[in-house]
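Common to both upcoming complexes is subunit A, partnered first by subunit B, then by subunit C.
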Partner chain A sequence: MAQIRTVDLTKTFADAGGGVTALDALTLTIEDGEFFALLGPSGCGKTTLLRTLAGLETPSSGAVHIGEADVTRTPPGKRGVAMVFQDYALFPHMTVTENIAYPLRVRGVPKAQQREAVLAAAADLGLTGTDSTVGLLDRRPEALSGGQQQRVALARATAAKPSVFLFDEPLSNLDARLRLEARTFLKRLQRELAVTTVFVTHDQAEALALADRIAVMQSGRIRQLGTPREVYRRPANTFVASFIGSTPMNLLEGVVRDGRVLVADSEIAPPDGTGERLAERAAVVLGARPEYFRVSPDPLDGAFRGTVEVAENLGSSLLLTLDVSGTAVQVVVAEEDEPEPRATLWALPRKDRTLLYADGELVG
Partner chain B sequence: MKDPTVRAVLAKIGRYTFLSVLLGFFALPMLWLASTPFNAHPTLDVSISSFTLHNFSVLLKDPYALPSLWNSLLLAGGTALLTVGFAAAAAYALSRVRIPGRNGILYALLLLSSIVTGTAAMVPLFELAFKLHLIDSRVGVILVFTGGLLPAAIFILKDFTDNMPRSYEESARVFGASPFQIMRHIVLPMIRPGLATVTVWAVVNVWSNFLIPYILIRNPDKYPASVVLYTFYTEGGQPDLALISAFSLLYSIPVVLLYLFVSHRYGFRFHGGIKR
Partner chain C sequence: MARTASPRGTDSADPAGLGRARAAAISAPALLIIAAFLVFPALWTLYLGTTNYRLTGFAARHPRSVGLQNYTNVIQDPDFHHSLWLTVEYVLFSAVLGQALLGFVIAWMLRDARGWLKRLIEALVLLAWILPSSVVAFLWVAMLDRGSGTLNALLHTPGTAWAIEHPMAVIVVFNIWRGTAFSMLLYSAALTGVPPSQLATARMFGANSWQQLRDVVFPHIRGHILTNLLLISLWTFNDFTPYQITAGGPNGKSEILPVYIYQTALFDGQMGLGAAISLLMLVINLVVALVYLRLLRDRRGGRKLERVAP
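Up next is the complex of A and B:
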């Protein structure tokens, strides 16, 4: 149980062309017991940050604190962290029992106590006590399914009794169906153990579903830090806006005119309280999620008027791509509202969910 | 009869004749090795005119024959141990530590060790051993062998360590394992097929080598089997086929046993590294 603090954490990798900055003066506090997500596209520095917390990378400058201690120069084994790797890194020449017991074996814990701890950890992770798990503890990792391998890796991490868990892409090696199951399981496990947990993911849905707070990263910097709700509702900049959401947000370029926003030949009402603040003819980007549109076959005031280009079935809903005077606008409609191909529709963005960006940053 | 049938039959006859000759070429020396030691009047033919165990009882009375097998075992075992130990450590280090030009170093070593071999290398090696007071010493022979085998052994094992995902070691490190523990618990067990390969290869190399022990060892008590084999001559200067064949049979047994053991344990999976 510990808080994690990084202070001006910088990591530069030497490279042929001078160097790559993976972490750029990152200052971040992760609270005790928090489930924290590092989210970003590949190469944004999220894995480097996780590995620096683990001690597998040494920062170029700055400091890492875990609990009360400055662990910047502490070797990985002495930080009280346990890490679960993307490929789980279960030792192939050891049985499940030996794998789970490994952290204790390294510390020289007596065999009998190791055995006890293994059984406890295995029971916590659902690796014993059911028909499908008979004899599982004596098997080698190669004889386990992907989901079981993940649980063994988690059991090994819990057996180490760490004050911090670090997960590197914990769900990416599972197939889609199993991933949802494992996600729920992981969230429950973290609640029960109440251990500070940091995990890395490139999947925004995973971060939204699991985390208490999310840090969205780009080029070694945090672009937004907040709860899943904050990050989803009010992305602080167009990068986060385009990254979060399973259907990408419409980001439409326009200009301010008479307190309204002129986008794709349509006049859209800006979010409340922004109209007066915006300079006339300022270039802005209007952000509206496809889910937050009122769509109608009849004319609506202040709406986009467009023709249906593409209709994609999402199961319970449909994702329509409208052609609005040459600009593509995506909206989601309920399954029973499927329009005719090339039908003309009016799409009105929900005013309380419309966002306005200037120079890439949120202004309202 | 139709033409294609005749051709097919002839082709079959031709193929089996060729296979028989090929088989004979390899099988006859083996048969000779299996039969001649038990022949009272050994010749270069494969035959047992009169069965006897006399050849072996003569061999047992020879003061150098059996001890030489023990000497061979010491040299081969010592060399295999040193080679595998150093090669594993070096291969692991070379595949994990970033040294500028590390591949260059390895290829240069490999090239040198395969060019400067045999007789050409013996003069400087002898001189080196002489200056280090390692003439007539088993340790000297083992060191010379180890030096010669190491580059290729490192090269083989590096393929295994290169293919090992780093996450295994990193995982162990995060759990607090020391570098020595990582080597012992993780790296060595995972490259075991490679270690077995190098062990067999080192043993076979030492077992069959004549020149190095012949030149570096003075005292006949310390001669390995490969050298003693060349001392079985009759008073007339003719090769003593009875002793040579009987000794050859004994000489080959340990290598066959080693092969069977390793093949049983590791199945000779020369695929290199770990498949995932």
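Up next is the complex of A and C:
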């Protein structure tokens, strides 16, 4: 159980072109017991940050604290940190039991105690006690399914009794169906163990579903830090806005005129309380999620008027791409409201969910 | 030849779709060369071993069959025992311990190294391997020379005749220097196949270097280790280069088997006896190879069994 703090953490990798800054003076506090996501596109520094917390990378400057201790120069084995890798990194020549017992064996824990700890960890992770798990503890990793392998890796990590868990892309090696199941399982496990957990993902849905707080990263910097609700509802900048959400947010360039935003030949009402602060003729970006539109075949005041270009079936809803005077605007409608092809529709963004960005940063 | 017409070419007996006649025609030249330069000499050696054939003199013109006498003579010959023992020492110290161990240590230490240091060390080690053996032997003779050798100058031990005072040590060190490159290259390649996440996992749990090697690295490269030991053992067992440095001397003190055969067959002229020793050596080679292959197969067979029985 420990808080994690980084102070001005910087990591540069030397290469032929002078050097790549993977972490840029990162200062971050992860609370005790928190389930924390590092989210971002590949190359944003999230994995480097995780590996630096683990001690597998040495920072170029700055410090890492776990609990009370400054562990910046502490070797990985002495940090009280357990890491689960994307490929689970189970030892192929050891049985499940031997794998789970490994951290204890390294520490020289007596055999009987090892056995006890293995059984406890295996029970916690649902590796014993059901028909499908009979004899599982004596198998080799190659004889296990992907989901079982992940649970063995988790059991091995819990057997080490760490004060911090680090997960590298915990769900990306599972197929789609198993992934949802594993996600629920992982969240429950983290709640029960109440161990500070940091995980890396490039999948925004995973981060939103699992984490207590998310750090959205880009180019070695944190672009936004907040709860899933905050990050989803009010992305602090257009980068986060475009990254979060399974259907990407509409980000439409426009200008301010008479307290309204002129976008794609339509006059849209700005978010509440921003009207008077906006400078006339200022260039802005209007952000509106496809889910937050009122769509109607009849004219609506202050709405986009467009024709249906593409309709994509999402199951319970449809994603429509409207052509609004040459600008593409995406909206989601209920399955009952499937429009005719090339139909003309009015789409009114919900005022309380509309966002306004100036110079890439949220202004309202 | 109906098989050649197989439209999809999936016939397992004829995957290339050539037909028997054409396949035979294509491989015939190679088989002829193998027959002429490999099979025939081997059979000729087998025949020679049962005769009293000599390089010169009466028996060279009229060799006489002596049955198994050559073999019984060799097996009772204390010189042969001595030579065999020296060969075992030579293989054990220079190949199994020297080359394999040093090669692994270099590969392990250079696994994360980048840039000029790695390239320099690899180049130096490789250089020792690719130089022609006559050149290398001359360099070593010059280095070890009693009067003006480099080694004596470096160690301030004027007048020490290394090749005479410590002949076995000299050829052992020489062979380590000469052959380590192969082990290094093979282990370097093998180490790239060890999943970094498994090594990192072991480190995260606090495993020290030895534990990481034991629990992660060696299980992964076991096959490579056995293959490497097999190859370098056989190569060293049959290595003739030491002759160019010590000529088996002084007084047979570094007369390993290939040198012993050379001395017997070509120097003493007893071709029949030499052929018999050659055949014994071949048998020893085969036994060594079989032991290694058995170890390799045990490993693979064992893993297969586990997969079948969950």
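Just so we're on the same page, the second predicted complex is superposed on the first by the 364 of 364 C-alpha atoms of A that agree within 3 Å, B and C clash if a C-alpha of one lies under 4 Å from a C-alpha of the other, contacts with A are read in each partner's own complex, and residues count from 1 in each chain.
Methods note: a residue touches a chain if its C-beta (ideal position, glycine included) is under 8 Å from a C-beta of that chain, and two chains touch if they have at least 3 such contacts.
Every value quoted in this text rests on a predicted model; they were computed, and no experiment measured them.
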Room on subunit A for both subunit B and subunit C (clash or fit): clash
First, second, both or neither for A:103, with subunit B first and subunit C second: both
Partner chain in contact with A:160 - subunit B first, subunit C second, else both or neither: both
First (subunit B), second (subunit C), both or neither touched by A:93: both
Which of subunit B and subunit C A:54 touches, first, second, both or neither: both
Partner chain(s) touched by A:5 [first = subunit B, second = subunit C, both, neither]: neither
Touched partner set for A:140, first subunit B, second subunit C, both or neither: second
Subunit C region in steric overlap with subunit B, selected from 6-14, 24-32, 150-158 or 204-212: 204-212
Intersection of subunit A interface sets (partners subunit B, subunit C): 54-56, 75-78, 81-83, 85-87, 89, 91-93, 102-103, 106-107, 160
Touching residues on subunit A, where the partner in the complex is subunit B: 54-56, 75-78, 81-83, 85-87, 89, 91-93, 102-103, 105-107, 156, 160, 166
Complex interface listing, subunit B residues touching subunit A: 165, 167-168, 170-178, 181, 185-186, 189-190, 192, 274, 276
Subunit A-touching residues of subunit C, taken from the complex the two chains share: 195, 197-198, 200-207, 211, 215-216, 219, 306-307, 310
Complex contacts: residues of subunit A adjacent to subunit C: 54-56, 75-78, 81-83, 85-87, 89-94, 102-103, 106-107, 135, 139-140, 142-143, 160
